[in-house]
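In order of appearance the chains are A, B, C and D, and numbering begins at 1 in each one.
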Amino acid sequence: MPAAFSSPLSRSASVPCPTADRYLAVRRRSLELAAPLTDEDCQVQSMPDASPTKWHLAHITWFFETFVLERFETAFKPFDASFRVLFNSYYEGIGERHPRPQRGLITRPTLDEVKRYRAEVDQRICAVLAAHPDDAELHELVTLGLHHEQQHQELLLTDIKHALSSNPAARAYAQHWPLRAVQPLPMQWLACEGGLFDLGHDVTLDGPFCFDNETPRHKTYTAAFELASRPVSNGEYLGFIHDGGYRRPELWLSMGWDWVRSEARNAPLYWRREPGSDAAAWRHHTLQGVVDIDPHTPVCHLSYFEADAYARWADARLPTEAEWEWAARHFAAQPSARDNLADRGAYHPLPAADSQTHGPLQMFGDVWEWTQSSYSAYPGYKPLPGAVGEYNGKFMCQQYVLRGGSCATPGGHVRASYRNFFPPDAQWQFSGMRLAR
Amino acid sequence: MPAAFSSPLSRSASVPCPTADRYLAVRRRSLELAAPLTDEDCQVQSMPDASPTKWHLAHITWFFETFVLERFETAFKPFDASFRVLFNSYYEGIGERHPRPQRGLITRPTLDEVKRYRAEVDQRICAVLAAHPDDAELHELVTLGLHHEQQHQELLLTDIKHALSSNPAARAYAQHWPLRAVQPLPMQWLACEGGLFDLGHDVTLDGPFCFDNETPRHKTYTAAFELASRPVSNGEYLGFIHDGGYRRPELWLSMGWDWVRSEARNAPLYWRREPGSDAAAWRHHTLQGVVDIDPHTPVCHLSYFEADAYARWADARLPTEAEWEWAARHFAAQPSARDNLADRGAYHPLPAADSQTHGPLQMFGDVWEWTQSSYSAYPGYKPLPGAVGEYNGKFMCQQYVLRGGSCATPGGHVRASYRNFFPPDAQWQFSGMRLAR
Amino acid sequence: MPAAFSSPLSRSASVPCPTADRYLAVRRRSLELAAPLTDEDCQVQSMPDASPTKWHLAHITWFFETFVLERFETAFKPFDASFRVLFNSYYEGIGERHPRPQRGLITRPTLDEVKRYRAEVDQRICAVLAAHPDDAELHELVTLGLHHEQQHQELLLTDIKHALSSNPAARAYAQHWPLRAVQPLPMQWLACEGGLFDLGHDVTLDGPFCFDNETPRHKTYTAAFELASRPVSNGEYLGFIHDGGYRRPELWLSMGWDWVRSEARNAPLYWRREPGSDAAAWRHHTLQGVVDIDPHTPVCHLSYFEADAYARWADARLPTEAEWEWAARHFAAQPSARDNLADRGAYHPLPAADSQTHGPLQMFGDVWEWTQSSYSAYPGYKPLPGAVGEYNGKFMCQQYVLRGGSCATPGGHVRASYRNFFPPDAQWQFSGMRLAR
Amino acid sequence: MPAAFSSPLSRSASVPCPTADRYLAVRRRSLELAAPLTDEDCQVQSMPDASPTKWHLAHITWFFETFVLERFETAFKPFDASFRVLFNSYYEGIGERHPRPQRGLITRPTLDEVKRYRAEVDQRICAVLAAHPDDAELHELVTLGLHHEQQHQELLLTDIKHALSSNPAARAYAQHWPLRAVQPLPMQWLACEGGLFDLGHDVTLDGPFCFDNETPRHKTYTAAFELASRPVSNGEYLGFIHDGGYRRPELWLSMGWDWVRSEARNAPLYWRREPGSDAAAWRHHTLQGVVDIDPHTPVCHLSYFEADAYARWADARLPTEAEWEWAARHFAAQPSARDNLADRGAYHPLPAADSQTHGPLQMFGDVWEWTQSSYSAYPGYKPLPGAVGEYNGKFMCQQYVLRGGSCATPGGHVRASYRNFFPPDAQWQFSGMRLAR
């Protein structure tokens, strides 16, 4: 990590505080992720759905300032009063907010000022933690803020990937390309008997933290089904393309077919056919630059519409989120160090490589897996009280659940009960699929 | 019914054919519904979601011509070859179709020609039925076509209501206003224990016909809940309005709040505050003209967003469709003659009036009840083969399920397993809500 | 003219009144133009720029009611108070108006009611004229109203042509196709010396009536130039198309090139290339149905952008309106009975046929000729006082002047000083061009 | 000028070359104008009409590279081949170009790289000039490029003013506020007799350089008129606002009134009424921050629509461009050192202060003056050959001419024959008005 990014403080080791340790590690990681970028890269917003890197760095700091410092500092004074509006994402309870599509116009504060903002808030959070070592609510709020920051670390990567793709002279975010040749693994169907079971966060299995949308744990029923042993690969998806998949309305949802035609889609986001070469010569934009497409790597940057159409073409379907979670529990799938691809500098899914596992491969990491489940409240769901409760519940409409994390998800962030969600036309996340039937 | 609308044929009574009898009755009803309208009323399309009356009359005839005559007539010849495109709604398998937002520009055929089209197709359908008295598939297809026609009878009413509302000099569709003063019934909570049960169409309870989306009947689980004894009333909804319901973001889904602001909503569709009068002086456009709002009548023309926000304000929620159907089965609720409000010339919901029933009131008729369930496939769902299978499945995205029928639903059309579905911003149906918790 | 359209009154011949005679003739002509159409044809509006036939028939009646009856009747009472809003086109001084894009939704009044409205206003106007035989202002206002009505007669034809073109099953407005084979006339350049001269309306040359935008007559200067002896023909325009005219940006204004690309234009409005046939096989939609394109007929339905690009391709330019009027005066060109193509039932331009004339042919009738002059006020221009003055001046922005009338212009309506004007992307008028250099 | 911005070369004084001297001075000035901005300020594009500072700095360099180096260097090699597309503004003849609304997404090259690009092109241009001291065409092209660069210097200021206005935490571009209290000068009407005269560029009066749109000099005629002695002031414009100017349709062009309503305008761009204070408490955003409005300063940031409406309210009109130029010639008005407000660091118009001049004041500098003349070709106009000819002619549509330069126009750039042009809704230039009648 370059010196310029070093945090202005080092915690005294004399008082052990796991929250503060974790706080400093997560906060440092955000700056590491921004390090390869110029000030100008950090400024731009390439579409309304995406945010500038600088905005991410400021917003996740605003979260700590607003929800932690404002409450736990006795003589709270904001770092800069205008930040309350500039870096509020969508919290109506906090007041006015800068229009989302204009985040890329905020040239002041500069990136350097945002880093000073981060450094000051870091110092003050650590002071608050030290002053209240036993305040459970404080430690819970800080932990929530850290998981929030990790979500933005993933968005930072997907957003900058999109921004660099808009730039004809785009250079790679990272130099190292992680792919090595592997022995392709055929997809297999795993039998799952289903039944009545408990869905949702389980402290024992998933660890103490979860978002409110993973609760309450509740009984649900699912019939027997089969689940694919690994995600759909680029090579398999090319079969769909070459079979006219993007030209056959019977394979698509009505809304998906409208999307294909109005957006003139013929391949996943970031794929481009090389001019003049043969039909199969697809390449794609990655965080490592434009490279050939590897047939054994999980396909990603699919919309829900594309995942659903592929499944229909393959005479299968997407799993429900209950089926996905049943399988994760049944096969005792857990995120592993292998799955922290971003932390390992991979920034791209990798091919399935382990032929020894009897259960499903790559349930975690690599690609978020679209489920057929619309994102909705679990029975008995209650949002957190206050403005911080605007985190999940108010988005439970017109989105689909994705499970399992991706190559951009920070280590320690995902778990079997984790519910990600995006609208069905979203493609800029590392979103892929696993078949069911 | 005026002579001009009488069907050109009367079936010989010598051969009993219930399908043909029902066919003629349903077909006649469509013309009756158009009878109060001028040729010009039947021409217009007031928004892309709505269709002209003339188009409805032609499209439902096209359905019989395309899916029945073309298959069962040995020497099939289309009434007019251009109708195949003009009156195809969305069947990709049939080929080209006229753009939906331009249905109002089809001045030829005229309404008179469309009536001749109907008369000829009627004659030919009856001939085909007489020639194949025992062809189960034929009778099933005709029955499907009649249920399809009944759906369009309801749309004809909701669409013309919208068109007349766009006309400053709008006159009433009907003269008779059905409302009589009633004793208001307080809402009560009915206890429902839920559990593991079978969801979906049941021949014994629901009759032989259903749409494919009501199948297959399958096991599901729902926890115990409480259901409101009747739909939310206008008076109750006014409480929400007067409590600032349309100005409080914390009551709304994020997408709903965007909708409120971009559409500048402050009341249900068709409500208008009388200028100069006091705050409560709301009136609304109905098919009987502009009238005062009755506090005891079920509120209708709500979007899903409004229903969801009201429920949150009322410290309750919308039921799932499984809960709704569980309650309908448990309390043995069935559509009755009372519920066929359109057939009785009411064209508007009526206040709950029966205080003797121990179960829920107005489960059928009056207003479609928004559920919190996103419209999706039942486990194991299979669309019908061929183009006729484009009826339901391809719309299973970004819509919510409504249950129970409305005042505009024809008699005999609805049942406990019936699933209607609309996008969450749709308001022009007779859509209301019943609370759960 | 069918009986249904006959005016309810016949003027007593005992009191000669040329204004009333002309009034009745012009008013009758509007109904004749609507006679071939069904009630449904008269209802539709195929784009915001166009209006329904029924609306035209009502609006021109509203003009007489509002600007004449309201002022000259002692006990004025409106035919229907709601018409003041429904049929106000754009007169802010009159008050509210129905939104232009929603004119096609006004199903009530019906066409029959509009005809009754016309009949009553006709009777009352004749009564007012009889009561005030010498009121110059009254006769001037009625005359203005008649010229206004003639403008709408032309729009009625161009608007219904557009509406019928939107209907896949469109039938012809008229049956008779006027074209006979002619000897093609080569285009020649006519020398025009120009100089200092008076531009604008001249009572002696142009007759007593003109619109305010033709005044005041004022001195202007134009250098020597050459003018084409006839308009550009379809055959000549095909040369431009086949030379890649629609694919070469250097021929277009920047805004024109954006228009070509965003609208995907490759030919004039209403032209369609027959599928499967050779490159030159263009046909076009006319008021007589879809017919072959005649190479010797003046090209029409051009936007200003297309006329300007064609001129650049032909190494020429469009004339200014001063040049056009200079030439009309110099060569003593006058509208003749030959030019009243609509009155003669032609409804389409005809090929130039007279090889004897030494001056320019077809200066009047056939096609409106785009000039390069932006529509602006003549020096010293003053609009009429009051709301009736909102007729011309407020549109003097972002439009271009066209001269000479078209095949749809009623007889007696056009003159050498007449200034028509449309935005540069307008195509649905019978607009063509004559070259200058 | 900070050291970081110094040009990497200093010309050897041994060979006098006025073109090279001027080249270096103009080029240096562009960097001076960017000096107060951060890298992030230079990156953003706040609306499609505006461009990032960095893009301006690169584009004006691209112009020299493409039109001069590529032609006059024997072994031309581009600095970076991708710049040909990235920094092409609108030259179709040069090939592909980056979409205008996405100029703000070009994060690479960085500002530092653009400065290196500038430095290298500067060196190579000087070398070419030294190698061809007598090539008239070369010196003409370089001179054209310098005038082009000066136009972008003005746009750089107006564009960054807009970008800073979009930033809630906007800081001032410049610190020094130039305004001193002055004695207000009443407006007077100057008599102008007009007549037949020569319009357009005159080498003797205007100097050797002009843009092609100022040619050919040609005879024109204008009647006698009166011209205001100075531009309309803020105080006078406040009279219009307080008299309901933005609420009275009769004062506006139809298109202007639509603009007022759809944009909800009630004051010039950048004006904001202070909340809670009295009606007259307007302040405005300037390049020096938000300040009070001075009543004696010329009003600016007016659209054509606003200028036209104000003139109508004041019972006057806008001058034609012929009238403006006639007056400039007649009164021998010339740009002076006083008028180079940007060069003097003012960046804002100043009040009229000189009561001794008998002719019009502030014809140059302060504010561009809207004329009523649509921007069109002078008779006999010919664009330059080749791609460089795409400079002016293709924009001669739907724009209005402004005359006289503004406070942001570099010294030496404007002259009496100079024609600037913008669409009628453009406000972000320093555009004001002078009345005529």
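The working rule: a residue touches a chain if its C-beta (ideal position, glycine included) is under 8 Å from a C-beta of that chain, and two chains touch if they have at least 3 such contacts.
Note that the structure is predicted; figures quoted are calculated from it, not measured.
Trainee: What is the chain whose Cα centre is as far as it gets from that of chain A?
Mentor: Following the centroid criterion, the farthest chain would be C.
Trainee: Using mean CA coordinates as chain centres, what's the gap between chain A and chain C in Å?
Mentor: 60
Trainee: Measuring from the mean C-alpha position of chain A to the mean C-alpha position of chain D, what distance in angstrom results?
Mentor: Using C-alpha averages as centres, the distance is 46 Å.
Trainee: Which integer distance in Å separates the CA centroid of chain A from that of chain B?
Mentor: Computed value for the inter-centroid distance: 40 Å.
Trainee: Listing for chain B: what residues touch at least two other chains?
Mentor: none
Trainee: So which chains actually touch one another? I want all the pairs, not just one.
Mentor: Per the contact definition above, the touching pairs are A-B, A-D, B-C, C-D.
Trainee: Can you name the residues of chain D that touch chain A in the complex?
Mentor: That would be residues 38-44, 46, 54, 80, 82, 85-86, 98, 102, 104-111, 163-164, 166-171 of chain D.
Trainee: Which of the residues in chain A come into contact with chain B in the complex?
Mentor: So the residues of chain A touching chain B come out as 90, 92-93, 196, 218-223, 249-250, 252-257, 372-374, 376-377, 379-380, 390, 394-398, 424.
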